[in-house]
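Sharing a structure here in structure tokens format.
First chain written, first letter: the chains are A, B and C, and each begins at residue 1.
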Amino acid sequence: MAANPSQATRAEAPSTGRPSTLAQYRTLLAKDLRQEFRTREMLTSMGIYALLVLVVFGAALAQSARGFDILQVSGGLIWALIVFTSLLGLNRSFSHEKEEGSLEGILLVPLDRSVIFLSKATSNLLFLAVVEIITLPLFYFFFLTGETPSSTFWMTVGPLAVGTIGITGIGTLLATITMNTRGKDVLLAVLFIPLTYPLLYACTAATTVAVLGGDIGGAYVPALALAAGYDVVMLLVSWLLYDYVVSA
Amino acid sequence: MTETTTKTTTKTSSLDRLAIPLIIVGALLTTTAFVLAFTLAPLVMGAEVDTPALIGGKMVANKLLLSQKIFYFHMPVAVTSFVALLFTAIYGVLFLAKRERRYDLNAKVATEVALVFILMTMVSGELWTRYEWGVWWVWEPRLTTYFILMLLIIGYFILRGAIDDAERRATYASVFGIIAFIDVPICFLITRMVPSSVHPVIFRTDSGLPPPMLIPLLIALFGMFCIAFGLYRTRLREQRLRERLTALKESLED
Amino acid sequence: MDPILAEIYSTVMTAAPFVIGAYALMWLVLLVYLLMTALGLKRTEKQIAALEESLAQKR
């Protein structure tokens, strides 16, 4: 933390003496990533949690009939996995700032508050993306190796990207809110799950269409557009309101 | 300290004096709408029957549905909850812009009224669902988005309860009230985006309802607005008085 | 009754409890909130009056 201001001033912004917004963003993001490289807390905890959710899915589906078509529910299962895993990650995303009081330090630096939002959302996005890259092949390995998904299976990348961006955007704002409340873990879930529901619904719809190979133009694209629209609105509002939240 | 608080709270604004009459007007209007819904508005047609019959000089070839009568209150109540939430968002924005405590109180009370009307919508919708579909719950888009809205509003109050610092509570609640409001247009527009046979599109340029059905609906809507506003002002007065009470208690302890 | 008319009106009687229930429950929710507000208002006003009196006596 102590290295940050000096590093920030070293960055290129000669005329004003203040580092440019981009430099501030990069510094804050680098801080989070460096911390993660050192401790690997987020990735290990989220990864193991995701694995455990897969085990729970296995138990939940173990008694299903032999003819049970897992492909029909796999889109939903993938999103349940992502939502629960991201909740864990978001809950911890501000734990360092809280423990070390470093957020107050960052707030003392004259920087645009939305830069904090963007950098934090980016680091959350990166962590969640890495965990997804590790666990989704595992999901395939555990549940889908006996099945033959449609040739449009690769299109699940679309909803995954859009959904992950939205989840981390909304989640970062809500994690900042719940950071300073009593019973913050539960509260984050209480606020986060209903708020992301439309996104979750649209992404699950698009993922399921992609897995089953349904009507791409009539179902996949509208669902993805809906999710993307929700992303844009939510990210915009979160970005605008973040200043109030983080300074409160 | 006491003087300022007494000065701000003892003056009853004209809106406060209007509260009780408004509730009474609303009660009268909704009662009228209730009566009209069962007298003026015809029963809607359901499934076709094999042989038509002559009822009151008209040929009727369909089953007549009484369950649709729930709609005359269900929809006005739902619209009222949307309007109340709009006020939550507006007061949230006002609080963030001006940092005055009273806006937070306004937002809180508006959300409370919204929750009451959301509960009313859910209850009436549930009974309709139970009768027409034979199940208590279906994950139908409008139903689900509205249910999500209810969860968001409950979350709003849980959030308020979890923060001790008044300033911070007001800020967070305002922000969350604004974000939660985003679900309202989604819920409102979802029947246009994902067509479902259950929830008709009422607000459009070519009105889908014949006048005998539209009149009770609009009277009920207006009556519900009156009741909601009356309740809002009354509750607001109670909350202000309670704040004054705590201020008085504090000054007494000093 | 005429069987055709009986068929036309077949859902009316069975739906009645649900319609009545829906309206009754809506009113109940509204009434509970109204009562809560009214009682709270009355209680607060009473407490304020008592407090103001004791405050005046202290001075």
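Rule of thumb we're sticking to: contacts are C-beta pairs under 8 Å (C-beta built on N, C-alpha and C of every residue); 3 or more make two chains touch, one makes a residue touch a chain.
Only a predicted model underlies this, so the values are computations on that prediction, with no experimental measurement involved.
The chain with its Cα centroid farthest from the Cα centroid of subunit C is A.
Taking B-C and A-B together, the chain pair joined by more C-beta contacts is B-C. Among the chains, the centre nearest to the mean of all shown protein C-alpha atoms is found for B. Annotation: 44 Å between the Cα-based centres of subunit A and subunit C.
Separating the centre of subunit B from that of subunit C, both taken as means of CA atoms, is a distance of 15 Å.
Per-chain Cα centroids separate subunit A from subunit B by 33 Å.
By the touch rule above, subunit B contacts subunit C in their complex via residues 2, 23, 34, 43, 46, 49-53, 55, 60, 62-67, 69-70, 73-74, 77, 116, 119-120, 123-124, 127-128, 130-131, 227, 231, 234-235, 237-238, 241-242, 244-245, 248-249, 251-252.
By the touch rule above, subunit A contacts subunit B in their complex via residues 170, 173, 177-178, 180-184, 187, 190-191, 193-195, 197-198, 201, 226, 230, 233-234, 237-238, 241, 244-245, 248. Across the complex, subunit B is touched by residues 2, 4-5, 7-12, 14-16, 18-19, 21-23, 25-26, 29-30, 33-34, 37-38, 40-41, 44-45, 47-48, 51-52, 54-55, 58 of subunit C.
For subunit B in complex with subunit A, the touching residues are 96, 144-145, 148, 151-152, 154-155, 158-159, 162-164, 167-168, 171-172, 174-176, 178-180, 182-183, 186, 193.
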